[in-house]
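See below for the structure under consideration.
Letters A, B, C, D, E and F name the chains as they come in the text, with residue numbers starting at 1 for each one.
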Amino acid sequence: MDRKLKEMLFFSAFRGCALLVVLSLVVLMWYIATGGLERLSWDFLTEMPRRANTEGGILPAIVGTFYLMLIVLAVSVPIGVMSAIYLVEYEQSSWMGRVFKLAVYNLAGVPSIVYGLLGLGIFVAFLGFGFSLMSAGLTLSIMTLPLMISAAREAIAAVPQSVREASLALGATKWQTIWHHVLPYALPGIFTGIILSVSRAAGETAPLMLTGVAMSLQRLPDGFFDSFMALPYHIFYMATQSSNLLATRPIQYATALVLLLLVLGMNLVAIVMRKRYRDRYKW
Amino acid sequence: MTPRTTFNHELEELNKEITEMANVAKTAIERAVQMIADMDLSLREEVREMDRRLYELNERIDKHCLDIIALHSPVAGDLRLISACLKMVEDLNRFGRYAWDIAQIVDDFEEGKAFKKFESLRTMACLVVGLVDDAVYSFLQRDAEKASHLHERDDAVDALYDSIFREILTYMMEDPHKITMGIDLILVARYMERVADHACNIGEYVYHMVTGERLDPKARVGNVPQNVEACDRLFDHPCPRTELDEK
Amino acid sequence: MTTTIHTEDLNVYFERNHALIDVTMDIQNNQVTAVIGPSGCGKSTFIRCINRMNDLIPGCVVKGKVLVDGEDVNDDKVDVVDVRRRIGMVFQKPNPFPKSIYENVAYAPRLHGVTEVVDGKVRRRKHTKKELDEIVERSLRRAALWEEVKDRLDKSGMSLSGGQQQRLCIARTLSIDPEIILFDEPCSALDPIATSKIEDLLVDLKKDYTVIIVTHSMQQAARISDRTAFFYLGKMIEMGDTKQIFERPQMELTEQYITGRMG
Amino acid sequence: MAYRLRWKGSNRRRVRRNVNLSPKERAIEIALTIATWSSVVALGAVFAELMLGAIPAFLTIDIIGFFTGTVWNPAHPTHPLYGILPLFVGTLMVSFGAAAIAIPIGLGCSIWLAELASPRIRSIFKPAIEILAGIPSVIFGFFALVILSEWISIVFDPVTKLNALNGAIMLAVMMIPIMVTVAEDAMNSVPSSLREASLALGATRWETLRHVVLPAALSGIVAAIVLAFGRAVGETMTVLMATGNAPQLTFDFLRSVQTMTAAIAIDFGEVVFGSEHYHVLFAVGLVLFVITFAINFLADWVVRRYKEDY
Amino acid sequence: MTPRTTFNHELEELNKEITEMANVAKTAIERAVQMIADMDLSLREEVREMDRRLYELNERIDKHCLDIIALHSPVAGDLRLISACLKMVEDLNRFGRYAWDIAQIVDDFEEGKAFKKFESLRTMACLVVGLVDDAVYSFLQRDAEKASHLHERDDAVDALYDSIFREILTYMMEDPHKITMGIDLILVARYMERVADHACNIGEYVYHMVTGERLDPKARVGNVPQNVEACDRLFDHPCPRTELDEK
Amino acid sequence: MTTTIHTEDLNVYFERNHALIDVTMDIQNNQVTAVIGPSGCGKSTFIRCINRMNDLIPGCVVKGKVLVDGEDVNDDKVDVVDVRRRIGMVFQKPNPFPKSIYENVAYAPRLHGVTEVVDGKVRRRKHTKKELDEIVERSLRRAALWEEVKDRLDKSGMSLSGGQQQRLCIARTLSIDPEIILFDEPCSALDPIATSKIEDLLVDLKKDYTVIIVTHSMQQAARISDRTAFFYLGKMIEMGDTKQIFERPQMELTEQYITGRMG
C-alpha cells in the first residue's frame, strides 16, 4: 500500500538526518579532544605563557575568563532576577510591559559584536574604564541581561498562579508569597538561566576584542581595571594571529579543549538541574 | 432545544401510561355506577377486564417510576410528578378493585331494581363519579385549584354515606328479608365512599405535584355546599371529559 | 467561632464585562451554602469577592458591599491580608505547596505566629515546635487525613493522590482557624470516591465553620448543602433551603436548570 | 540555548492594590522597580550608543555610497572606500548557505527526535543537543580554520582554503542544535491528544505528522529557523576564522568573503578613536542591528500570526 | 469508612421513623382487636391518638422520602428501601384509619359481648394481627421469605370473611333486632379483611425491597393451611415481638 | 452498519502492572454500553484495546482476544490503520485539530479517499469537492452541530466552546462512518448543559452505531446507556442491563460502588 511506503521513505530520511547531525558533532568533538589531550597537562593550566605564547601555560587566560564570569554573575544576575520578579509579580501598566518585551526580545538576538561596540563606546571611552576587565565584564553583563531576564522570567512565570493564590488565601503578604513560594520553586530554573548566561559570557569572544582583551600577559590582572587575557580570545589569537601558527597548534587545541570542557561542563550542570527541577515540580 | 431526550421521552411514556390508567380507572367506576343505575349486567365483564388492566398498569407504572428515579435522578417538578404517580397508581388500582367489588355485588342482586329506589344512593354515585372525574381531570390538567376542592366534596359523600347507612338500616329493620340486599347496599355505599376517599387522595397528590405544597389538612374541616346538580348529566354522559384523554 | 456574610448590591466588572449584577444575599453561619449555575454565570467571581481574591485579577472592579460580621471587606481601611486569614479558600485543582506535608500545614501558622497578651501588652511570637506539631495534627485530623499520612509527614504534598491533596489543602486552610471557608469547585478534579470523602468532610466542617461551596454538580449541592443559591448570567436568581430549591424552586429558570432542561 | 524569548500573558491591566502595605513590602517594591528601570536603561543604551556612534559617520560620508558602494577599503590612507555591499553580500552568502544546509537536516533531525525516537534515546539525545548549542563559536571557528578547510580544499580544490563554503558549513553545524532544540520543543508541545485523534481516525503516522503535527507546530518551526538564521547573521568568530576575510564582492562560494561582523571585529583592531573609520564601523553595526532586529520581528510576527491554540 | 455520611444519616432517620410508624400501626391494630376481644373501651382514645400519630408520620415520612430522592438520588437497595417506604406509609396510615374505624364501631355497641360469640371473628382478628405483625416484622428484619408468604394467609382471611359474612347474615335473619349490630360486625370484619390486604401489600413492598424482584402474582393462587393456632397466644400477648422495636 | 464486540480473556500489562485481568464480555450492537468503575480500574485501558490505541503506549502488552464481528483486532495480520478507521474514538478532552471546522471534518475522508470498483478493478480516488461538502454537512448534522456552525465553517475549530468542540470531534469521527464509536469520558471537561447535549447525541447515535462510553459519572451511565459494565481493580465485576445494575445489582461490590459506599 503506497500510504505505508511513503511513511517508510520519509521516516528513513529523518533517521538519516539525525545520524548526520550526531556524526558531525561527534567528529568535531573528537578532533578537538584528540588534538587537545596531547598538550593538556597540569602545568599547562597553571603556568604563565612564555615566549610570545608559544610555550608555557594559559593561566592568565583561565583567570581572566573566570573574572569575567564573576563580573557577569555580580551584575547581570541580581538585576536580571529582580527585573524578572518585578515584571511577573508587580508590573501592571501595559506600556511598560510592552517596552520591556520589545527590548528584551530583540536585544537577545542582537549580535555580540554590536555589544562590543556598546562596550567600546560607553565603558571604554565614555566612562573611561579603558581596555580593562571591567569594561569587558560589564559589556558581557549587558549582553547576557536579556537572556538572564527571560530565563528568570520564564522560571517565575512557570510557577502556577494556583500556588500564589493558595499562599495569599492563607493570609500571606505578596512578598511573603514570592519569597516563600515563587522564588524557591523558580530557583532551579533561575539557576539554570544563570549558568547558561555565565557560560555564554565565558565563551564569547567578539565583544572582548573591542573592549580590551590582551593578546599575551605574563601576569595575572591585578584589579578590575587592569587588562586581561581570556580563553576564547586566546584561541582566536593563537589560531590566526600568532607568529608561528603551525607550531602552536597543540596549544590551540588544548586551549580549545579547556574552553570546551568549561562551557560544556557548565551547560551540563544547567541541564541536569533543569531536568531535576522539572521532575520535582510537576504542577 | 430542550435537552435530556431520553428523560423527556420516559416522562412522556409515563404520562401516557398514567393517563391511560386514570381513564381506565375512571371508566371502571363509571361502568360500575352504570351497572347500579341501569342494572346493566352486561358491563360486568368489562369492569373485570378493566380491573385486571389496572392491576397490570399499577405494576408497570410502579416499575417505570422506579426506573426513572434510579436512572435519571429527577428533581423538582419531575420528581413531584413521579412521586404523585407512584402513589396515584395505588389509588387508581383501588378504583378498579372497588368497581369490580361493586360489579360483583350488583351481579348478586336478586332484585336488581332495588337500587333505583334509593335516590340517595344514586345521588352518592353521581357525586362519586363526579369526584373521580374531577380527580382525574385535575391530574391531567395539572389543575391544583380543582384538586384542592375535592376534599370538600368528599365530606359531602361521607355525610351522604352516613345517611344512606341509616336509611338502609331502617329499611332492613322494616323488612328482615331485605337484610341481604341491605347489606349489599351498604357495602356498595361503603365502596363508593372509599372511592371518593381515594379520589381525594389523588387530589392531594395532584396538589402537591403542581404546587409543591402539601394540601393543608385543616382545609378538610371546612364544609361546602354539595354539588349534586351535575348528577343527571353524569349519568347520561358517563365520560363527559374523554376529550382530555388525548392530552 | 462563626460568621454571617451579607452582600449588598454586589457588582463586579471585568473591563467591559459585567460579571456580577446586583447580588444581594445572606449567608448564615454553621451552614453549608452551595452556589450553583451554568458555566460563566459568576459563581467563582462571587465567592472570590468574599476574600478579595478578585484583587489579583487585573482589570477587575468590585462595587457594593460584602459585610462579614457587619464589616465591609471591600473597605479601603480593611487589611486584605487579615481578611484572607479569616476567610480561608480551597481551590478547584488541589494546589498543595511542593513542600512536605508537615510544612504545607505549618506554613500559615508560622507566618502568623501567636498573638499573646503578656503583662497587658500584645505581643507576637513564633510558635514553639510543640505548638506547631499540635496544629498540624489537629488540622490534619480535622481534614480526615491524619490517619493516612501520619507516618509520612515529611513526604512531599505532591506525592499524595488527588483526593488526599485536596484534603491536605483543606487541612492547610484549617490550620489558621478561619471563620469562613470558601470552596471553589473542590471536587471537579476528583473521582467519585474521593469526592464523597470531601463531601463528608464538608458536612463535618459546618459544625465549626461557615462553609460556602461553588459547584458544577447539582447533585453535589443537593447532597451536602443546607442552602443553595442559583446564579444565572451574573444574577442571583434564587436562594433558599436546598430542599426547597430541589423540590419546589420558585423561579422557572431554577427549575429549568436543576431539571437539566436549560440550553 | 533552549530558552526562547516567549512572553506569556502580556496584556496586563491594572489590578487593585493593597492600600495597607507594610513598610517592608513597600521598600521591596521600590527596590524591584529600581532594578527593573536600570535594566531598561542598560538595554536602551545599546541602541542609543549605536546611534550616537553612527551619526557622525552619516554626517561625513556619502550615505548612498555607503549602501551601494562595491568596494570596502576603509584602511586606505588617502581614499578610504566605505561600500558596505561586499560585506552585506558576504553575510548573506554565508548565512543563506548555512541555512540551506541546516534547515533540511535540522528539520529532519528534530522530527526524528520528536516523533520517532524512543523515549530513552530522546532523553539522552535532547540534552546532548542542548549542550552542543552552548559550544562557543570560537571553537567552531577554530575547527573550520584548522580541519574543515583542509577537507574542503581536498574535495573542491578552491581558490582559497578559507572561503564562504567553509563558513557556511560551519555555521550550519552551529545552527542545527539551536534549530533542533526549538523546533523539537514546538513539536513536542503539540498535545499528544491531537496525534491520538488523528491516529484514531485511521491516519498513518506519517499522515498524522504531515497533516496534524507539522501544521500545528509550524509557527514554532518557522521561529526556530528564523532564530537560527538570525544567529547566523550575527555570528562573528566562526565566520571571522573560516571565511578568509577578504571584503570582495563575489557570489562564488569557493572564494573568500568578509561579513559585516567580521569587518567590525577585525577593523577595530586598528582604528583610531573618533576617526571617520571608527564611526563607519558603528554605522555597520547599526545596519547589523537593524537587520537582526528585523529578523527577530519577523520571527515574532510569524509566531503570533500562525500561532495555534490547542 | 463508609462515605456519604449525610445520606446514611438520612436513611437511618428514615428507618427510625418508619420503624416507629410500623410499630404504632401494629399497636393500633392490636389495640383495636383487643377492644373487640376484651370490650376494653378505655383503649378508644389510645387508638385515636395512634391514628393521628400515623397520619402525621405518613406526611413526615412521605416528605422525607422525597427529600432523600431529590437530594441524594438513591439507587439500588437504597432506592428500593425508599420506594417501599413511600408506599408502605400509605398502608400503615390505613391501619390507623381502620383501627380507629373499628374502635368507633366497637364503641357504638350496645351489647358489647356480641363479639365474643363470634368465634370466627376472633379467629379472624387473630389471623389479621398475626399478618400485620409478620408484615412489620418482615420489614424490620428485611425478611423476604416471610414477606412472600403473607399472601397465602391473606387468602385465609378472605375466606374467613366470606364465611363470617354469611354467618352474620343468618344471625341477622334470625333476629332482625340484631341487624344494626350485624352490620357493625360485618363492617368490622370488612375492616379487618382490608387490614390483612394492606398487610399483604406491605409484604409485597418488602419483598421487592429485599430481593429487587416483584412478588409473582401467581403465587397468590396457591392455598395454604391457615395458621390459626397462634391465635390464643396472640390475644394473651398482644405484642409478641416488641423486642424487635429496638431494632 | 453495526457490529458486535466480544472480548475473551483480555489481559493488559503495563510493564509490571497488570491493568486488565481476564475480561470476557459481549457488547451488542445498536446499544450504548457504559463502562463505569473507580479511578484506575482499567476502563480507559479496556476501550483502548478495542481500537488498539494501546499500541501507542510503550511497554503495554495486550493478551487475549478482541473479536469485532468475529475478527480478532489484535491479530498480527490485521491492519491497525483499518481497525482504527472502522472503530472511531472520542476523547476525554475535546481535541479538535487547530484547523477550520470544515477541515476538521474533511480531514479523515480526504485521507482515505473513495474506494470504487471501476471495470471490475478496485480503484482509490480522491473525493470531489462536492462529495466532501456533503460528508461534512452530513457529519455535522449528525453531531447536532450543523445549525450552530454552518455560517462559519472556515473558522478555527478551536474558536468553538467546549461542548461544541466535543461535538465537532464527534462529527469528525462520524465522517469516516465507523461501525463502532468509543467514548472515553467525553463529558468530564464539560459543564452540565454541554454534557446534556452530548448525552442526547449519544442516545441518538446508537440508532446507527454501536456506542461504548467510559464514564466517571454513574448518573451519566444511568441516564444514557442500555447496558452497563462495572470494572474494579482491573476486573470486570458485573455487566448487565443498566436498569438492572442500578436497581438490583447482583454483586455486593457493584452495589457499594453505585450507592457511593465504596472507599
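Just so it is clear, contacts are C-beta pairs under 8 Å (C-beta built on N, C-alpha and C of every residue); 3 or more make two chains touch, one makes a residue touch a chain.
Bear in mind the structure is a predicted one, so any value in this text is a computation, not a measurement.
**Q** Please report the smallest number of touch steps linking chain A to chain C.
**A** The distance in steps between these two chains is 1.
**Q** Which chains does chain C share as contact partners with chain E?
**A** Intersection of chain C and chain E contact lists gives B, F.
**Q** Determine whether chain B and chain E, two copies of the same sequence, contact each other through the same residue numbers or different ones, counting it as same when over half of the numbers at the interface appear on both sides.
**A** same
**Q** Between chain A and chain F, what distance separates the C-alpha centroids? Give it in angstrom.
**A** Distance between chain centres, rounded to whole Å: 51 Å.
**Q** On a C-alpha centroid basis, what's the spacing between chain B and chain E, in Å?
**A** About 24 Å separates the centre of chain B from that of chain E.
**Q** Could you state the distance in Å from the CA-based centre of chain A to that of chain D?
**A** 16
**Q** Determine the centre-to-centre distance between chain D and chain F, using the mean Cα coordinates as centres, and give it in whole Å.
**A** Each chain reduced to its C-alpha mean, chain D and chain F end up 47 Å apart.
**Q** Return the residues of chain C touching two or more other chains; collapse runs of consecutive numbers into ranges.
**A** 56, 58, 81, 193, 196-197, 218-219, 222, 246-247, 260, 262-263 - these are the residues of chain C that touch more than one other chain.
**Q** Which chain D residues reach two or more other chains?
**A** 12-15, 18, 204, 207
**Q** Hunt down the residues of chain B that sit against at least two other chains at once, touch-wise.
**A** Residues 1, 3-4, 7, 66, 70, 73-76, 79-80 of chain B touch two or more partner chains.
**Q** In the complex of these two chains, what residues of chain B are touching chain C?
**A** So the residues of chain B in touch with chain C come to 1-4, 7, 73-80, 211-213.
**Q** Across the complex, what residues on chain F touch chain B?
**A** Residue positions touching the partner: 193, 196-197, 199-200, 203-204, 219, 222-224, 242-243, 246-247.
**Q** Give every residue of chain D touching chain A within the complex, in rising order.
**A** Listed in rising order, the residues of chain D that touch chain A are 1, 3, 5-15, 18, 22, 24-25, 28-29, 31-33, 35-36, 38-40, 42-46, 49-50, 52-53, 104-109, 111-113, 115-117, 125, 127, 129-132, 134-143, 145-147, 173, 176-177, 180, 204-207, 209, 227, 230-231, 233-237, 240-241, 261, 264-265, 268-269, 273, 281-282, 285, 288-289, 292-293, 295-297, 300.
**Q** Residues of chain C touching chain A in their complex?
**A** 51, 53, 56, 58, 81-82, 84-86, 88-89, 91, 93, 95-98, 107-108, 111-112, 158, 169, 172-173, 176
**Q** What does chain A use to touch chain D in their complex?
**A** Touching chain D from chain A are residues 3-4, 6-7, 10-11, 13-18, 20-21, 24-25, 28, 31-32, 78-80, 82-83, 85-87, 90-94, 97-101, 103-118, 120-122, 125, 142, 145-147, 149-151, 153-154, 157, 173-175, 193, 196, 199-200, 202-206, 209-210, 232-233, 235-236, 239-240, 249, 252, 256, 259-260, 263-264, 266-268, 271-272, 275.
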